[in-house]
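Before we start, here is the structure in question, set down as structure tokens.
In this document, chain identifiers A, B, C, D and E correspond to the written order of the chains, with residue numbering beginning at 1 in each.
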């Protein structure tokens, strides 16, 4: 038994937490631990995802992106070691998410934690597990506005605030002065809507939440119709939105639809009638789709899964990439070290790289974290001081029952 | 666990299932201990699990004192849990929209008081209903509570939830700074796998201390109540309410007492949860918690306090233990696999231990009345597994009494505890 | 029965009911000493009149028999008296208090306890425990007492337990004491039901066919038990079809037919009443 | 929308709830436990129909906007749900020796298993039947009723199934045997009723109706592994409201709950729809409380009629 | 009544003596031999042997808890004999399910819970006849004629019947199958004297139509009064057997078991 060095307690906290992991107390550059031949072992990081529960559809999309990303990383390797991702299920609930994070951080000892989907769960994990440690938390999907108040909690998806502003401008520009809003009754829906309401100058004819996973939203739809507004804004998820579109269609309601990011997706197109949404405008955070890296990603994705990627897959993909680069750039595989590198490997300084291979090469060639600027498939990934990425937004319009990009907005 | 909190620890007179459970528990504990020493199990994580188990044990105690004692089918466990959690969080959290910043003890009191009021409010209309109806009425009212918490933002912060919650011991002398004050320790039992005990570990130990305090006190109260005439009236109501009424028991009042008591215990679990996880959101009121607690109580054995304790531990083992199964590569999508495993485990336990793992075994008579001579009450062999030979012996002994000794003071010797 | 239990009973009784409360008998003479009075009681179920202007009195200290054909309304009257049914009309007076419309437990608090014709099973209890539910107003039935005065609780529990065991022995079922209360024979259940009601030590005990299905040898002994308890002051109302049993034990006997009182009187008078023979006893009696 | 419109919507939604609640109620009274896997049985029906419909396609003609193939898929959905339920009864429930609450807990486990298997096979994302969606029926729009021919098909099919069940219960011995069994299983056996067989029939009918409910739910809305589970609470409310064990009560309860759920928006404009109430009057309660309102009404009804609408044991 | 009554005095059964009536058992309609049986792990019947001849009425008496009801339940398949055999017309039916035994021609009236409370009288009777092939309506009418007490209440729920009415209904329900052997558990319990007389008369009448009856009774005088033979059970085994007169006249038996 020995007392750990009191001198730099804060620095040791992190390594203490992951003490049972195999890379716990390395003090040199990654790979030479006191426990010996770790250099061939994989780097283990963790991910909390909604594998079951109400957001499991997002979890599924994430997992596709994650798998693809791991393939890419491990084709190249990080310091000749593999990257391994331990995925735990949050059951889409706080309790499950916290338990999952507890296991990852305090049992598996991961210094880097990707998670979670829902904004509430991400915050819960941050507050109760990550906050006082050095572990890096990077949420893959949370767009809730509250996360901005927690600089230690990074996220790949941009804050919903930019979206809300963009939507308010867009609807205004289209000449509507009255809008009916319905939002999903959780942190995501509520905070985005709050931001929208703040930014919106016109009238709000209807503004009500709806619960997730209901079997029918005809009450909501009819109330929106009743409200008299011609512009309808949906801040909700794909499944809920598809239900609403179908119900509006079979009730014969007509309106100009607008939507926040989570209402778009191939599955929405597939499961709604032709022409039911034509003209709808959606603001989504996005990499410029004409970029080459996105197109490679998309075609790889399609080859693997037989469908177009969603932005959720892209976020998860970039989370893994960012983690991998942070690990490679760090001196050692500890939370403290990764805190140092995670923002910088994709930050605006340095040479732009669009693939892991290229970015990794720069580092391998002796570059520091600031010498590389990884450009993700979901965007340029530049975290600001609040831990939010500087987002690029794309305006999609539904034309002939397909999404067409009709414009870009910078965050 | 069961013998840690069971101060009497009467090893001498265990029934077969008890011995079995004890054996398995000891083996399991040893395994955990070895894993801890070998560095295979993170001590901080382990303590978190113990805290979680304690929380589920508390919830199970609460439900057991409603369902197990009185037969009240309460499907609003999550609501009371949530009310306790929110009560504590709203008082203590710095993000609280109504108050906040109070001492956690205030939160404790407020959480329990709100649960008390809610229990009475839910109890008044539903406790007159037949058991099945109470079940769904409580489920419905729980949903109402959840929706209120979710939608009334001025009161609860809505879907954003509450954060910035202090530790339960914040503001206490010594304990509030204990985690930071403790030196970081490094243990190396198995060479190469050192164990670190630092601030998060000490924080987790405080949580465990807290939950052991809560659960221990609850267990003490419930055990005494269960063995008392009070508990007996509840059990009579459970089996035949009319009989209790005919014998002059005010069954509505007893049902209310049992309902309130159980609800308070659930709220206590909620208070603990708040300070364990430091974040509370409307999702914590989801009915899934209710189902898990039911599973815990039934798995443990309805009506048995030790069963409830054990069931709470088992449910955490099932829920969190299955995470480790993901470590083994399986050919199918791992996502729903855990759900599948949990489902299978529930079915398997019901199949092989249908009365629960530790069903009530003993007669429940006030201790001093049965073991006045100081001997511990032996298991009432008649209750579950009466041995055939015993039975015949007693009966033939009695037959002799019947024909020879009419005054009936003879037969007493055979079956009494004294 | 134990003194302490008796004392408890008395205390609450006099608190709630009239001044004559308490089990002392003979304090007041004459007709006024009716411990139970049923006055013009009516009850119908749908179209069927089960109780039809029934009126009778039960004098303190008696064993009153209540007989009548199947379906005459005997059990219904018990249900009305004990508060399980609400009468359509008429009143029930126990110990001078009008208990009409009261909850069963309130009626019991006024000193009246009943048994059920079909015995009630208590799951998850031993026979002994099932007996201990009987005594009324146990100090241990208050949650607070368990923690503030555990000693009192223990004392009363010990006394009750001793009582219970003695009654079980008297009823020859003491060998069942630690059996699950559900796993006993039909007749044994009746015995437990009766024994438990006796443990409640009410002033008035309504027994609904206590010896139906009980072995005749044992029934004889029960007769002695009932008589002994009666001598100590408990008033009994007894529904029973075993003529030997009622006629031996009860005086007076009230005969019920089609919901109303056909006749009442001494066993001899009833037994030789033509209407009773016709409606109830039949040739064989 | 007009009151008529809301009522029409309510009718469609109720039809689905009714199918679910009848099955649940039947199983509740015969197998004697609250089956928490009932919702997931609906899901099984829906996904079986999805696979079938995907395989057989439209098969030529169409009725009420639904291709023949869909009806075939409906039948397969019903059959698969029934077979799975019977299999579960034989493999799991029957060998168990536990009380009804133990069965209830077991059924939670079963529900997890069903759901997990469906998610493993079909993924977590939602999907729909490949049936061309319809626009509202034109000539009804002037009355404020906006329903499609699919909605009509749902109501009609549900009506056919419900009437069929009614005939089955009323004019065959099976119904009486079921009630006898619900009343006293031991005595039923003593009387010569082959209780295992009756129980199997109960599962076939109960799960079959659930399967049908699931298929219609999928048609009405969409399919996802959690679709049935999400409806379970509402279905329970319907069963309780109707009076446990009463099939006709379950119908009434399902109808009421479905209606209430859809009529919530009217609450805030009571004045406009009710004759004697002043125009501006309304109960200011948002649609987010729709489920809460259904539950509160349910509890209120229970207070007036503690044994449910149909009363105890009525059928 | 049949006239092949056995020995004129009550026979004491010892466990080690062979049954005196071994010969009779061969052509018995129902015979239990060497049966051990009970509930869960609790043994109740202990090497019990008895038989019922064609056309007989046999009465089982004994203290509460002696195992009388258990005998009937074992014979009727509600309990499976642990050892020994239950033979019906020489065929072993031990462990056969009750619903199948009904179809073999045995009827059973339980001691408690013997009507369907939530069904009407009419439906109760119909349920009694589910295993019949036909002629249900006629039988039911005959039964109504025989028991006017339930005829009046055809449409009433059985739950609303008085205790005695219930007993009659339970009896009638078992008769719908026109069984070959009828097992009755305490038919007169709770009946008014005149109704009890009627029931006993009915038992005799049913017996006259060639139904053998094994009956448990606590009303020993009347029960034994209409029987051809009687068994005294105690502690799960037969202690005495003999003609009714012999049992009633035996000082010891009468004292211990018959309330004499």
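Definition applied: contacts are C-beta pairs under 8 Å (C-beta built on N, C-alpha and C of every residue); 3 or more make two chains touch, one makes a residue touch a chain.
From a predicted model like this one, the values you see are computed outputs, not experimental measurements.
Using the average of C-alpha coordinates as each chain's centre, A ends up farthest from subunit E. Each chain's centre was taken as the mean of its CA atoms, and the one lying most distant from subunit C is A. A simple rule picks the central chain: find each chain's mean C-alpha point, then take the one closest to the mean of all protein C-alpha atoms, which gives B.
Here the spacing of subunit D and subunit E, counted between their Cα centres, is 46 Å.
Averaged C-alpha coordinates put the centre of subunit A at 74 Å from the centre of subunit C.
Distance from the subunit B centre to the subunit C centre is 41 Å, each centre being the mean of its Cα atoms. Of all residues in subunit E, those touching 2 or more other chains are 42, 63, 256, listed in ascending order. Of all residues in subunit A, those touching 2 or more other chains are 52, 56, 59-60, 185, 209, listed in ascending order. Among the residues of subunit D, those touching two or more other chains are numbered 116, 119, 124, 225, 286, 288, 291.
Note for the complex: subunit B touches subunit D at residues 67, 73, 125-126, 128-130, 132-133, 135-137, 139-141, 143-144, 147-148, 150-151, 287, 291, 294-295, 298-299, 302, 332-333, 335-337, 339-340, 342-347, 350-351, 354-355. Residues 1-6, 9, 12-13, 15-17, 19-20, 24-25, 34-36, 51-52, 56, 59-60, 63, 86-89, 91-95, 98-100, 102-103, 105-109, 120-121, 123-124, 127-128, 131-133, 144, 146, 185-187, 189-191, 209 of subunit A are the ones touching subunit B in the complex. Those residues of subunit E lying in contact with subunit D across their complex are 76, 78, 97-99, 102-103, 108, 110, 113-119, 123, 126-128, 130-131, 157, 173, 177.
Note for the complex: subunit B touches subunit C at residues 221, 224-225, 228-230, 232-233, 235-236, 238-240, 242-251, 257, 261, 303, 360, 363-370, 372, 380-384, 386, 394-395, 397-398, 402, 408-409, 411-412, 414-416. Interface residues of subunit A, counted against subunit D in their complex, comprise 52, 54, 56-57, 59-61, 185, 208-211, 213-216, 218-220, 222-223, 225-226, 238-239, 242-243, 246, 249-252, 267, 270-273, 276.
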